[in-house]
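Going by the order they are written in, the chains are A, B, C and D; count residues from 1 in each one.
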Amino acid sequence: MAEQFAALIIVVPLISSLLVPVIGWGQKKLCYPWVVAVLVVPLICSLGILNTVLTTGKFSYRLGGWAPPWGIEYAIDHLNAFVLVIVSFISLMVAIHSKKSVEKELSEKTVPFYTLFLLLVTGLLGIVITGDAFNLFVFLEIASLSCYALIAIGEEGAPIAAFNYIIIGTIGACFYLLGVGYLYIATGSLNMADLANILPDLYHSKVILVAFAFFTVGIAIKGGLFPLHTWLPDAYCTAPSAVSSLIAPLMTKVAAYVMIRLMFTVFQPHFSVEIVPVFAILGWLSVFAIFWGGIKALAQTDIKRMLVYVLVAEVGYIVIGVSVANRVGLTGAILHIMNDAVMMTCLFLVVGAILYKTGTREIHQFRHLNKKMPFTMAAFTITALSMCGIPPACGFFSKWYLIQGTIEAGQWVWAAALLCSSLINAVLFFRVIECAYLKPMEPAYAHNAGETHGEILRDEAPFTMLVPIVIMAAGVIFLGIFSGKIISSVIQFAVPASF
Amino acid sequence: MIWQLDLILCLFVLICAIAAINVKDLLAAVIILGAYSFFMCLLWTEMGAVDVAFTEASVGAGVGTVLFIAAVSKTKRRSKD
Amino acid sequence: MLDYIISKYNFWIYVVLMMIGLYAMIGKKNLIKKLIGMNIFQSAMILFYVSIGVKAGATVPILSGHGHGHVHEVIEVAKYLNPLPHVLMLTAIVVSIATTGVALATLILIYRRYNTLEEDEILKIRKDTGV
Amino acid sequence: MDVIYSSRPLWAVLVSMIAAFLILATGEKNRNIRESWTIMAALAKFLIVLSMVPVILQGKVIEYTIVTFYPGLLLQFRIDAFGMLFGVIASSLWILTSFYSIGYVRGLNEHAQTRYFFAFAMCLSSTIGIAFSANLLTFLVFYEILTIATYPLVIHSESKEGIMAGRKYLAYTLTAGCVLLFAIAAIYYMTGTLDFKAGGFIAGSGSSAVLIMLFAMLIMGFGVKAGLMPMHEWLPSAMVAPTPVSALLHAVAVVKAGVFGCLRVILYVFGPGLLHDLGIWLIMAYIASFTIIVAGFLALGQDHLKRRLAFSTINNLAMIILGAALLTKSSMTGGIIHMANHAFMKITLFFCAGALHVKVHKDYVSQLDGIGRQMPLTMGAFAIAAIGLSGIPPMSGFISKWFLCLGALEANQIIFLFVLMTSAMLDVAFFFPIIYNSFFKKPLDDVTPHFDEAPMFMVIPLVITALLSIVFGIVPDAFFRFFSLTSLAVQNIMGVG
């Protein structure tokens, strides 16, 4: 059964996305229930796959029945089963949340939006599930293309941001493809498992080095790692809120997954650590990413833009976890892929709900939001605390493992960067919390907001928005409390055995 | 594979590429890009990649140029650089 | 050294083309020029893949037999080019044309909004309107 | 040592957390029901904690594991005598504070009462969690929750001053949290365990330079909440909080959690033996002494009553740390028992300050002339607690100071005896004028000359705490067996170290 799951998880959203225009042609309103219903399938499939992996170990699915070195293989182990669950779960949540905000922001473009939405999810799932280096490129481009288009339909300034993203994203994809080409020259294979077998004999070849360099740069561009992140803030910030809450958490996480996959599965860890000093470079770049993202975020008055810069810093976290190149650090990185995806989704969903209800993203206009939208703001607060690393929310535990990793690697500065970043996050998020929960600091705000002096009425986000937000916020707490369970049952197998 | 022919084609490709990004008239630039694609097809055919060449001729040089021309006709033709 | 350069000349051409594309993407201000650069960049990459498959003295990978079951002679692999990179490039071409399409659509959106395609002018307009 | 596995520690923590959410759900409309949750939770928590005291006194420990993350890395409760002592202090005073709070917020008709009681209950929940935690990780988890739970209380007034105090509070405590996170991660990396062990567990796991650095980081981390100088700055600012909060913050939960952390580090992570070998105990004692003296002088200069009390708190907390840092049996006894004694006395003082604020809206020492005639019960309790803090028998403060002085002698460090003496003099200097003025000076014009007390909800708790501090002075082992718990804790530490 799990074999079929592996195929269904791609095929169902792909075909359904093509059916969206057909359905939308008849009845526009049916698109939303259709997309939500369709996205339940990948979630079930990924849970089934995870279950199979946990009980019987890793397995592979041969597309069209062709044997691996030639045909495309979906190789599933603990790592991608884990990421698949994250991707499919979050995309379902965002889809549920999208109903009202799409009606408001994109009323004319509902049908193309949902078509592209499903295509994007297909691409993301495909990147994660495939075991073939070239197939990964194809899915990467499916995801990127739908991303470009989805961003371009955003607000003022979105097309130009999307265009920049297209240019830089294409460079990234081409670099990745060049990397694949050089690997093919050296090995004659495109299958990841096959490559992993062949490569150790060729580690001192210059061709492999070039391939590795191209991979690293290509994925760093796609994942928005400093200093290749320049496209990211504008693109994610100007996108419609339903889009940014899907791509901001997932695209970066999937790129991080690809990085782990390439550096520790295709290449042996000792190549990535000993022969090429790539991790020293990546680690220091992440330190810059963390500080730069944090400082830029401090300068923003627009909450979505602030979150986008926080995202740049969060990418740095994961890459630091990868760069310390030890078991506990990598555990932290994989855990943070999940935690950060959940936290970021929750924050972006909250911002979407606030934008829908109040029409503003300016932080200083958030006054009395705690009275107007108590549940939304409670979810925001919980997630914000998690971002600051307050236990028992999940952010604390990924930070714990990441710091353990840096200590084990003896990288004190990296550890300091992680710690400073929680403080920066505290400043960032408490600023928002103060604005939302407390009376204004300056009386000047009181009259320019034009508010009534009477009782502030509750004006909570619609049910379709509130449910995913509350689920994600609860997830932040539960993932924290059960992080030990998640690590012992899934992540410790996902970390390459050679550590 | 005849290396003289190969070299000439390579030269044409290079010239077309440089011209395409330097011509100020965008329509001309787009046409030159079509020519570039076409020379690329020839190069590939000559290198034995017939299928790629066919695809590029129809999709790259054909559809691509059409799309470009459509876009240019909907926007401005002159460029500052 | 010269030998080395000449013997791998199509690899050199691909590098040069790629740099031209990269220059156009970064250095040019006109957005259509950037897009042209992107196209050059992508086809340079395809040229690289095609070059991978080339073997001295080999021919197009099409069997001259009479269909299935009638192959009389043993297929000598050395006689044919490696077809796999070619096949991959079919996908890559489609991807690149799709990217171009999306980019052109975006360009038209940009033109409708700002009435220009020069990056510096757009930035100026955006700055003036305070967005 | 016998270990008993029981879920009672968990319930002791959870009961107020559950109550917190019930409070939130009940909301502003049903005030009486909401307050009844607080009272019920406080009583339930106290009874659960108290029910475990006899077991602990038999020399057993109670253990409960919540979750295991990794071997050696788990959230776990383990109650030993020291933790029990803190647990009893916190849970018993919560009952009184709850009643007092109700009187206070209703007397002033405060805004956002639901948020206030919610945060209060969360605070207590995490304080008990801190008291019962078995290892540094659990400690850190509850310590951070406490940090966050206190924040809404500090900014309760939502005035500009309050928000600034809140920011300062967060800046200090969150930075401390980060330092702690790093230090604890490093300890886990070095030793593979984080469990508190009487007499320390870290010895021999690293070079002395590394150990000294870790010690400094841990003390910095916990010292922030304990108001150890120079990290005390947030504490006087946080005085803008409502008085019951200050009482709880400064007598029971937050600062005591910091002190408790310092003592855990000194006695249960590093241990007397190791600190002697490293030679940092003396530095620690000097830092504490510095804090004692300077805080005493700063208190003299404050006219705002609550700020004066805040500096007195800093002074007394440093005294507790000094007791632990001297590493002798008597000084430890003195330090640990002072945690309890100081809690009862200081909460009385804050309760009195709050009663004055509610009844006559006076916050400054200079306004208190003759107030004793109007509010004899309040000022009487104030006098008792102030005399006790100065270390005059028969109040409980005398017992702790006696042991501390003995400890200084045992450690052959006469200088600390002088420090303690000076501190006692300073206590007298900044408390006695208040007592004198309020009872013997001519009343100011706006003071009612006849008996006119604050609401009984407020007066009764403060009278009870004042009486208790006398009782503990005469019979240190009364009611809650503080003295037995202390000597048991000291025995455990010295038995190993």
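As a convention for this text, a residue touches a chain if its C-beta (ideal position, glycine included) is under 8 Å from a C-beta of that chain, and two chains touch if they have at least 3 such contacts.
Remember, it's a predicted structure, so these values are computed and weren't measured experimentally.
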(message) Along the graph of touching chains, what's the shortest path length in steps from subunit C to subunit D?
(response) 2
(request) Kindly work out which chain lies most centrally, taking the average of its C-alpha atoms as its position. (result) A
(request) Could you tell me the distance, in whole angstrom, between the mean C-alpha positions of subunit A and subunit C? (result) 29
(request) With chain centres taken as the means of their Cα atoms, state the distance from subunit A to subunit D in Å. (result) 43
(message) Taking the mean of the CA coordinates per chain, how far is subunit B from subunit D in Å?
(response) 79
(request) Indicate the whole-number Å distance between the mean C-alpha point of subunit A and the mean C-alpha point of subunit B. (result) 37
(message) I need the residues of subunit D touching at least two other chains; which ones are they?
(response) none
(request) Find every residue in subunit C that makes contact with two or more other chains and list them. (result) 35, 107
(request) Could you please specify the touching residues of subunit D with respect to subunit A in the complex? (result) 67-70, 73-75, 140-141, 144-145, 147-148, 155, 158-160, 163, 166-167, 170, 174-175, 177-179, 181-182, 185-186, 188-189
(request) Quick one: which bits of subunit B touch subunit C in the complex? Just the residue numbers, please. (result) 1, 6-7, 10, 13-14, 17-18, 20-21, 26, 29-30, 33, 36-37, 40, 43-44, 47-52, 55-56, 59-60, 63-64, 67-68, 70-72, 74-76, 79-81
(request) Quick one: which bits of subunit A touch subunit C in the complex? Just the residue numbers, please. (result) 134, 137-138, 141, 145, 148-149, 152, 156-157, 159-160, 162-163, 166-167, 170-171, 173-174, 177-178, 181, 184-185, 190
(request) Enumerate the contact residues on subunit C facing subunit B in the complex. (result) 9-10, 13, 16-17, 20-21, 23-24, 28-30, 32-33, 35-37, 39-40, 43, 46-47, 50-51, 53-54, 56, 58-62, 81, 83, 86-87, 89-90, 93-94, 96-97, 100-101, 104, 107-108, 111, 116-118
(message) Please output the residues of subunit A touching subunit D within their complex, sorted ascending.
(response) 385, 388-392, 396-397, 399-400, 403-404, 407-408, 415, 419-420, 422-423, 426, 430, 434, 438-439, 441, 481-485, 487-488
